[in-house]
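Presented sequentially are two complexes of chain A, the first with chain B as partner and the second with chain C.
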Partner chain A sequence: MNSNNPERTYFLIKKSKVQSLLNNLYNEYKLFVPVEEEEVVDFRRYEVDGNFTLEFTNTLLPPKGLFLPQQETLFTFNYERDISIEEKIEVSRRIIVGIRPCDSKSLTILDEVFKDVNEDVYYLQKRNNTLLIGLGCTNPQIYCFCSSLEIDPGKDISVDIFLTDLEDSYLVSVNTERGQLLIKDFPEYFEKAGEDEITRALEIQSPAREGFSVGFDKKDTEVFMDVEKIFEHPVWEELAETCLGCGICTYLCSTCHCFDITDELTKNEGRRFRCWDSCQFFSFTNMASGHNPRPDRKERIRQRFMHKLSYFVSRYGCIACVGCGRCLKYCPVDIDITRVIGTITNE
Partner chain B sequence: MNNPGYLQNLYLPRLASIEKITRETGDIKTFRLAFLEGDFSHLPGQFVELSVFGRGEAPISISSYFPGENSLELSIKKMGKVTSYVHSMCEGNKVGLRGPYGNTFPVERIKGQNLLFIGGGIGLAPLRSLIHYSLLKRGDFGKITIIYGARTPTDLVFKEEIFNIWPSLKNTEVHITVDVATNSWQGKVGVVPKILKELNPSPENTVAFTCGPPIMIKYTLEALKDLNFPEEDTITTLEMKMKCGIGKCGRCNIGDRYICLDGPVFTLKELKTLPQEY
Partner chain C sequence: MKNQSYVELTNILKQKIDRLLSEKIVDYMIVYEKGSLWFKTRPKMIRKQTDMEKVIWNRYCQFNLSTFLKSLSGKDENIGIIAKKCDLGSIVELIKNNQIKKENLYILQVACDGVINWQKLENLLGTKVAKAIEVEEDSPNLVIKMPERNIEVLKNDCLPDKCLICDFQPSPYANDFLTIVDEKIEDIKEIKSQPLPNLEPLDNMSYEERLGYWLKHFSRCMRCYACRNVCPVCYCSTCMFDGQEGLWISKESKTSDNYVYHLTRAFHVATLCVECGECQRVCPVNIPLMKLNSKLAKEISDTFGYQAGLLIDDLSPFKTYCQEDPDEFK
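For the complex of A and B:
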């Protein structure tokens, strides 16, 4: 959430110095870094001299969970005599290191939801207290299609600081005032970048924009705005035949944000928490009366695509997809949003 | 880094005390709730998120209109986890409330018009907030007609009001019907849409409000169409599994609308622009 975009400045940091910088940042921030464990990379809390990697394709889970945790306590309550409520809001200053351009874009999309009309303090507090250090993609994986959504894998001005891999060092592009303040606090790690390093970074960035094997033309998605026409398209029936309704696409999606709110009780204490939920589940819309507006898989799978490509667009002005490719990669029956768009638009 | 300390936490319920419980039917009770602190104001058609601590929250439409009284009534059918638990609570117990949420019946636009209310079962509850409102501001409205039905005589809610109070008021008509009569039932028998057709109300300068089970709404809307009620003067209120009430949790999304923000009140004309997923 960067309202300020001062003149961009460029620095260099040697790769060999990154761990030491993280150790220093650790004293002042909660740090989240990509960590590889059993061949899976995910953002984890950094501890002094802890493991981290900046050589990875992308994390299994999107970073949305650092702002909208899979399970988040909203408040606790105690009713021994009178009911007392204690709110639980994360207020610590945090840094996420190594966020990819697709995933940082997903946060700006989620901002639209959580800022709109009623401000969601749990999400926005974390968002405002978190500095993002992005990392450019030089080698998109075969499931990636961020370029279809006009996201540049090699460049990201929505993060506070953006890193481009220059083999033995990173080019550090500073986009925001708070990014500049961070650099100022740790001058011993950064040296001014020269013209040739900036040019070299641009040369590395540009091939990243070419290497996509799936995707679509963003203009093609405009057809989804004709809800009446698309709503009864036979593709939904076809997809429903293969979809298992497992919901992995929504859990791993960096923009899916639907949640449930529920209570947990122990003796005289309890907590209210929210947790990720999925439009792919029968129970998502099933009411206590037994009436369910989306009782079948066809309606639920249609809801996911229509929400992303149509309803979200008319409400917030952007597609709720960043082309991170997680749903393609992990769908057990190979349902592929790029092919769904292709099927509908190529008629 | 900026700290949005000014942000209000919209998920925190305010405490309210159960002041009075009225048993309406075997599985419906009306709870009169009073806030322990602070003011409360709402308009007819809005809903609240009712908290039973340790059991959860449920969206319930406000079934009263008591301006300036800092209290409200919720008429609750024992259905799921929260509503079952609230049915076991006593006067003096505390619950939590968030809201009011959602849009309202178009109280300004309908000034000077005749009002036709068509309710089925617990569906009279959200309409009752507007009935209260229109009776308080009686001079603002023309004739008030209330058609209300339930499965059996014991399933009728707000019995004191529907049998004694409302029919005794000037320029106010109340027609009660049941699907299945008992031996002692002297009134009308037949489903609500059938009674509506028999009464054959004129659409002239009249706005119709309907709420009830989905099947009743469906046939009532058809009957209103046959009676030539324009789509913009046919108004209903939708129910969805709303959790947050503030347009975040995504559960009440239909097309590009959130029922908790853009609804729950819709004219038939607006409803027709939505995918049929309600």
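For the complex of A and C:
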């Protein structure tokens, strides 16, 4: 989405100045920041002097919801005499602060889907209007496995601006022209970073790449390209025995993007909305005729893994997983994608 | 229970299950196996004796396995299941409500003196439990071994509410009760009688405050339906919220629709809910669902003197007629 500027520049911002910067940005942008509420951190709209935290592991919900909201009215219509249609497209300029490298990668994966053949204006408009300020991980969670997917938790050039925590300040790496312009607009907050700080940031970034507890060798996922070979693998039956068929893994996944579209009608007007749906639900593939091509948990759970590791790769050339670890952390029955890959490969 | 006791219990468990499978007393056994991370376990169905190595029993076996008994009607298999005292309650409800036949079931109750609630432990430690290496019991404390140091916390502070009122005694409905002779095991027979802080804050709230409280929580719900699917007594073969013909609530997860979903579910499982707490435990957005379920259970207990999960022959007040039932509509 971003026009990358080959020349990366580095600045410093003191942690104590971040709130004041956010207050200033608030005047021109819709801001989304990580906020902790009921022991859950999520991206929420920032209000002047509002709460936010940049000391968090990761948000419960991935940022996909800021581009593909759980529910979104696409247009409203009125057919009293003539039919009139009003499209609902988000046009405001927005900034997301504190997006982790795995999650920013998930957005580039989603872009493939929403710009494919038919451009999805609802999603793309929001992507184009949104500036991303990334935040490096210094301490991955025990559930994380982004390194298995060749994502660098300490460095991210796909965001406009990337922050590395240097204890009392952040090293600000500016990746894009949009990022440059933002820094230029608020010169009072940023000072030029010296070689020392850049080196220190590199030192902080490198240990982040180690210490993963789970994961896989990316080469091991190649077996998934042989669909015929693994379509009837016994692992699907085994997973289906304990899978509860809830939507946690798909809703919390940063790359799962399936949705349903519904019209809601009253007398002379109505609206069309879309909302998240999950391949783990029976109703997802249930046809009007009553036939369901994925009638049981086995077919449904296989679909989720095959979509991520096989079908998506065939179509877009990349795995639809970023190793954020949310599914692993929250699955009530501990279904673990890294173990599924291991089970199939080790045969 | 010491880690060593869990190891010994696991060994006895394996022997018992081996016998159950080899003598064809059960077709398969619902057990726990080790999870991906050391402090997790996962449910597992064992059909072959060669899978026996996977069986495990430890203080992380929180999951109520009886939820896997609810969708079996029509299948004529003999099933063995590992159950904690608390899980026996929902098994009783499933038998009582004709979801499974007692004669098809072999219940292997295992000695338990409480499972660990990670959230409570994390709140106590102020740090991610994932950072710990191991947990050992030094009654009445738990010793959390961290990379740099050990932290001791009172075990009772880390237990789910249900463990605080559990007597951990053998259930009359268990086919077998598995325990080891150990002084520490004797301790678990001591009945704890801590008052549950669960309801008090809400009962003291005004109607408006309570409404606000629930609206705030339900606004976070994303309708993943994990609470419903994990619930052992949510056994309808087609849920009214999954219906294809006409929707009772919108597919959008708006607060008002979420409200209808959660209240309907709470009323549907009232008289069935044994307060196992699984719905609240699996909720990714931390909705305190047990406050709702416990409140209804208390109302039913106060009104009808009925408690779910105790006796198979004790029918639900919603399914029986009794002249002495209070009639408040007069």
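As a working rule, the second predicted complex is superposed on the first by the 346 of 347 C-alpha atoms of A that agree within 3 Å, B and C clash if a C-alpha of one lies under 4 Å from a C-alpha of the other, contacts with A are read in each partner's own complex, and residues count from 1 in each chain.
Criterion: a contact is a pair of C-beta atoms (placed from the backbone, for glycine too) under 8 Å apart; a residue touches a chain by one contact, two chains touch by 3 or more.
Computed from a predicted model, the values in this text were never measured in an experiment.
After alignment on the shared chain A, the placement of chain B and chain C results in a side-by-side fit free of clashes.
Of the two partner chains placed by the overlay, neither chain B nor chain C lies in contact with A:Phe186. In the superposition on chain A, A:Phe56 makes contact with neither chain B nor chain C.
By the touch criterion defined above, A:Ser213 lies against chain C but remains apart from chain B after alignment on the C-alpha atoms of chain A.
Rounded to the nearest 10, the angle at the Cα centre of chain A between the centres of chain B and chain C is 90 degrees. Within the superposed three-chain model, A:Gln71 lies in touch with chain C and out of touch with chain B [touch as defined at top].
Once the two complexes are laid over each other on the shared chain, residue contacts for A:Ile83 go to chain B alone; chain C is not touched. Ranking chain B and chain C by residues of chain A touched puts B first. Look at A:Tyr251: by the touch rule set out above, it reaches chain C but stays clear of chain B. Of the two partner chains, both chain B and chain C are touched by A:Asp260.
Shared-chain residue A:Tyr26: touches no atom of chain B or chain C. The gap separating chain B from chain C at its narrowest, counted between C-alpha atoms of the superposed chains, is 8 angstrom.
Counting contacts as defined above, chain A residues 260, 262, 264, 277, 286 meet chain B in one complex and chain C in the other. Across the complex, chain C is touched by residues 38-40, 57, 60-61, 70-71, 141-143, 213-214, 241-242, 244-248, 251-252, 260, 262, 264, 273, 275-278, 281-283, 286, 328, 330, 332-336, 338-339 of chain A.
Residues 35-37, 40-45, 63, 67-68, 119, 123, 128, 130-131, 217, 220, 222-226, 228-230, 242, 244, 250-254, 278, 281-282, 284-286 of chain C are the ones touching chain A in the complex. Within the complex, the chain A residues that touch chain B are 74-75, 77, 79, 82-83, 85, 87, 89, 91, 93, 113-114, 116-122, 124-125, 128-131, 178, 227, 231, 257-265, 270, 272, 274, 277, 279, 284-289, 291, 293-294, 299, 303, 306-307, 310-312, 314-315. Residues 1-4, 7-13, 15, 51, 53-58, 79-81, 83, 94, 96, 214, 239-241, 243-244, 246-251, 253-256, 261, 275, 277-278 of chain B are the ones that touch chain A when the two sit in their complex.
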